[in-house]
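Chains: A, B and C, in written order; residue numbering restarts at 1 for each.
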Amino acid sequence: MKNFPLIGLGIATVGASGKTLDTFFPCISFKDSEDEFSHHYEIWNALMAENVTEIKDVDQLNLQNEILNDVISNLDQGKTLILCRILENKPIETVEEAYLKLHLISYKHFVPNSLNLENLFDSLQNVAWTSHGPIELDDIDKRILLSHKNNESLEIKSVDKFPCLTDYIIPPSVRIGDASRVRLGAYLSEGTTVMHEGFVNFNAGTLGPAMIEGRISAGVVVGKNSDLGGGCSTMGTLSGGNDVKISIGENCLLGANSGLGIPLGDNCIIEAGLYITGGSKITTYNSNNEKVSVVKASELSGCNNLLFIRNSQSGAIEAKINPKSVTLNKTLHKN
Amino acid sequence: MKNFPLIGLGIATVGASGKTLDTFFPCISFKDSEDEFSHHYEIWNALMAENVTEIKDVDQLNLQNEILNDVISNLDQGKTLILCRILENKPIETVEEAYLKLHLISYKHFVPNSLNLENLFDSLQNVAWTSHGPIELDDIDKRILLSHKNNESLEIKSVDKFPCLTDYIIPPSVRIGDASRVRLGAYLSEGTTVMHEGFVNFNAGTLGPAMIEGRISAGVVVGKNSDLGGGCSTMGTLSGGNDVKISIGENCLLGANSGLGIPLGDNCIIEAGLYITGGSKITTYNSNNEKVSVVKASELSGCNNLLFIRNSQSGAIEAKINPKSVTLNKTLHKN
Amino acid sequence: MKNFPLIGLGIATVGASGKTLDTFFPCISFKDSEDEFSHHYEIWNALMAENVTEIKDVDQLNLQNEILNDVISNLDQGKTLILCRILENKPIETVEEAYLKLHLISYKHFVPNSLNLENLFDSLQNVAWTSHGPIELDDIDKRILLSHKNNESLEIKSVDKFPCLTDYIIPPSVRIGDASRVRLGAYLSEGTTVMHEGFVNFNAGTLGPAMIEGRISAGVVVGKNSDLGGGCSTMGTLSGGNDVKISIGENCLLGANSGLGIPLGDNCIIEAGLYITGGSKITTYNSNNEKVSVVKASELSGCNNLLFIRNSQSGAIEAKINPKSVTLNKTLHKN
């Protein structure tokens, strides 16, 4: 993990009204890290009038990267070159800072839940994400009308505050079946496969290789070698009334169409089709398969080696000692 | 809500065979309403030879809108300007009328289930919806072959009778995570967010602000301030054998991966993972949490303030008095 | 079903590194079948130095098809014309053979599970599938950077080993709500509708008309006139620990959000929301609705006329004799 202060070099899209619609940060300079761009920090910092500063003279940036130089020297109308500085991990103040923080997570410089994302929703514009880039919503009716003049159609992929990850960053050694289902701000570790039914929100993701065919809500992290089955749900804290941040340990399996409302330990299995909420009352068993007690699921938060099932005869939810360990299919996961 | 008679000015895409593939209606004139286009009704009506009439001379339309005039004066080959008149709410007779009725719902001139949609499926063509507009299926093999000559790929987004809403209309103050999952004919009220896992069919939608992460089937309407959790299902009447039209009242919460097969009243909650069908036998409780009786779920249709859960020890489905009221997260919902 | 040996004429996309990213096979010649291209087999076979051979001189192919000739005579840089021969149904050796076998299933020349797909994952490259065709992952960062210079955005649809079916083949008389959810290698019979929530993996599909709103995992086949409800799950054998190949008979209904972990016979129904795994203990009933016994679900594999429900009062999973037969909605299914 890297640290503040840092400065991002960004290409912003500015709408007709003058509002910034998005910002793409191809490179970020950390004051206290050693990498390709770290020695730029002081040079760029000297250019900062405020925490977000437009850069007109590309040479000032002192970039050695030829392709990058060429791109930022030839930006089209509607694109602006900026520097965005973040000195401390405080609430978000600008749309550029919002985008920079989402990039910081998706570049895996910071793990989910380590950045202050207060004001994120308020900072982001609702934008039409189209085959011709981000378009301001005030203009969209006119653009749709114009697109029907001929068949060079304008595809509107989404109308949202968040763009999809792959418009900005492709993390190394991952597979993503349907790119529209992973938002910028997702944290995808090497060896992660997000299948078509998978979904990864911002500030959420995988800490190692993982098979994701279910939904990772905002704030949820999944440990290495875990498998989220098709259509499974992890409760988020943004809506739905849950206050506890959900997480999934290592070597876990959430069955297809199952659901999770507690933080799960390592080496746990939830049976296909079973939804565990914090308030579910669960009969626990010891390793001799003898009944021990009935507890609220929330009391099993973080416990390892549990197999959660609904008894198919009595209808009771039970937690037994998980007899087998989960292993990912290696062929599938060699990305 | 507006009323018949009405005339839509439409841009139709005509396939090589001469069949109309789709029609986009940028404006609609109502005889008995007062709005920007209402005074056009008599002028346009005088041009109608039949209920669908091609317009060659744009000046006849007497439009004052410069952008619209420019677009319809310069239509490309394969695009035709038409007027489509609907005098009464009768079964659909033409593909243009089918599109006009879908527009009427998505513009929110008519609420779901108020228009006669008989013959809708028979009227619509099955079309390849592509990055180069709608393409007739007879031509598609050739077009795919040509697209592989180089990398200017032809993206085929769907092969369907219905296009997606955002190719035609972006309702004000909504967010749509994945535009491909909302069909033309959806009714989305201001303050509605349809997340990536949400889906809204034609003739269905939201009557006020709502968070939609589940599937709204054809004919289903959702009251204001309700929340459909990730992957939840509402039973449709098109397939699957259900005859009763499902609806959801105000301030309801359908938990993630839950399902609904009855019309739900206001201020109801269905627990995550629980599917209520009309035939489910449900134990009801009074406000002192004492057992009252066992009834079929269909007998609870439209009842308010119910909390539906499956008892996690006995496996029985229970309906209790809902102790809390559902509130949408205001930050998330400020579109 | 056709048979080996066979030769495919393919257009391959070659990345900057020289690796083949994909191959599109517009025509396939079978030695022992009679069709448009069968008499080409000996001519093409004579050109084969190895089982994959580049073709520089288009005239050698002796094609009569003008459009095809025009396309393959004018391939852009990065596209290569090849012949790929498969003599026997052995493990896959080349990326071209992998693509040819996926085409063979999607053209419905071979049913799912009849082709040897060993080494499939190892043969396929992980590729960025974009609005500018397949792009090698080594180049993708640069391409994303360049795309932000202006608003002619590069859409990355997926990062995956498998492309989507409709980039190559549109099977006749089908509807597909969201094309990104059907992979090349899917087998879709006439009269099949795959709704937006449906998904069809490679080497899987439908043997007749079907309504698919759930997920068909790799290796799973669905009999004619069956209906997979919204969000339902069929257990795959690729991950998740299931060893038995799942199938669904004719005239079956899997309810919304249900799941299946056994091979299902004909005329069966699984209640909405119910997940049947092989290990579920199920109380069976006779046609007089009298309890018969409790068996593991796997013992009911392939049995006809069963209705699976979870008793909404006792929580027990029960299998009763299915009193009604499932019929698809004919209007919906006339593609």
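Simple rule for what comes next: a contact is a pair of C-beta atoms (placed from the backbone, for glycine too) under 8 Å apart; a residue touches a chain by one contact, two chains touch by 3 or more.
This one's a predicted model, so the numbers in the text were calculated from it and none came from an experiment.
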| item | value |
| --- | --- |
| Angle, in degrees to the nearest 5, of the Cα rotation that carries chain A onto chain B | 120 |
| Proportion of interface numbers common to chain B and chain C (over half same, under half different) | different |
| Euclidean distance of C-alpha centroids - chain B vs chain C, Å | 29 |
| Junction residues of chain C, two or more chains touched | 131, 155, 157, 180, 231, 257, 273-274, 310-311, 314-316 |
| List of chain B residues in touch with chain C within their complex | 121-122, 126, 128, 131, 137, 140-142, 144-146, 148-153, 155-161, 180-181, 199, 215, 217, 231, 233, 235, 238-241, 257-259, 261, 273-275, 277, 280-283, 294, 310-311, 314-317 |
| Residues on chain B engaged by chain A in the complex (per definition of touch) | 11, 13, 24, 26, 67-68, 71, 74-76, 78-79, 130-134, 155, 157, 166-170, 174-180, 196-197, 211, 227, 229-231, 253, 255-257, 271-274, 310-316, 326, 328-329, 331-332, 334-335 |
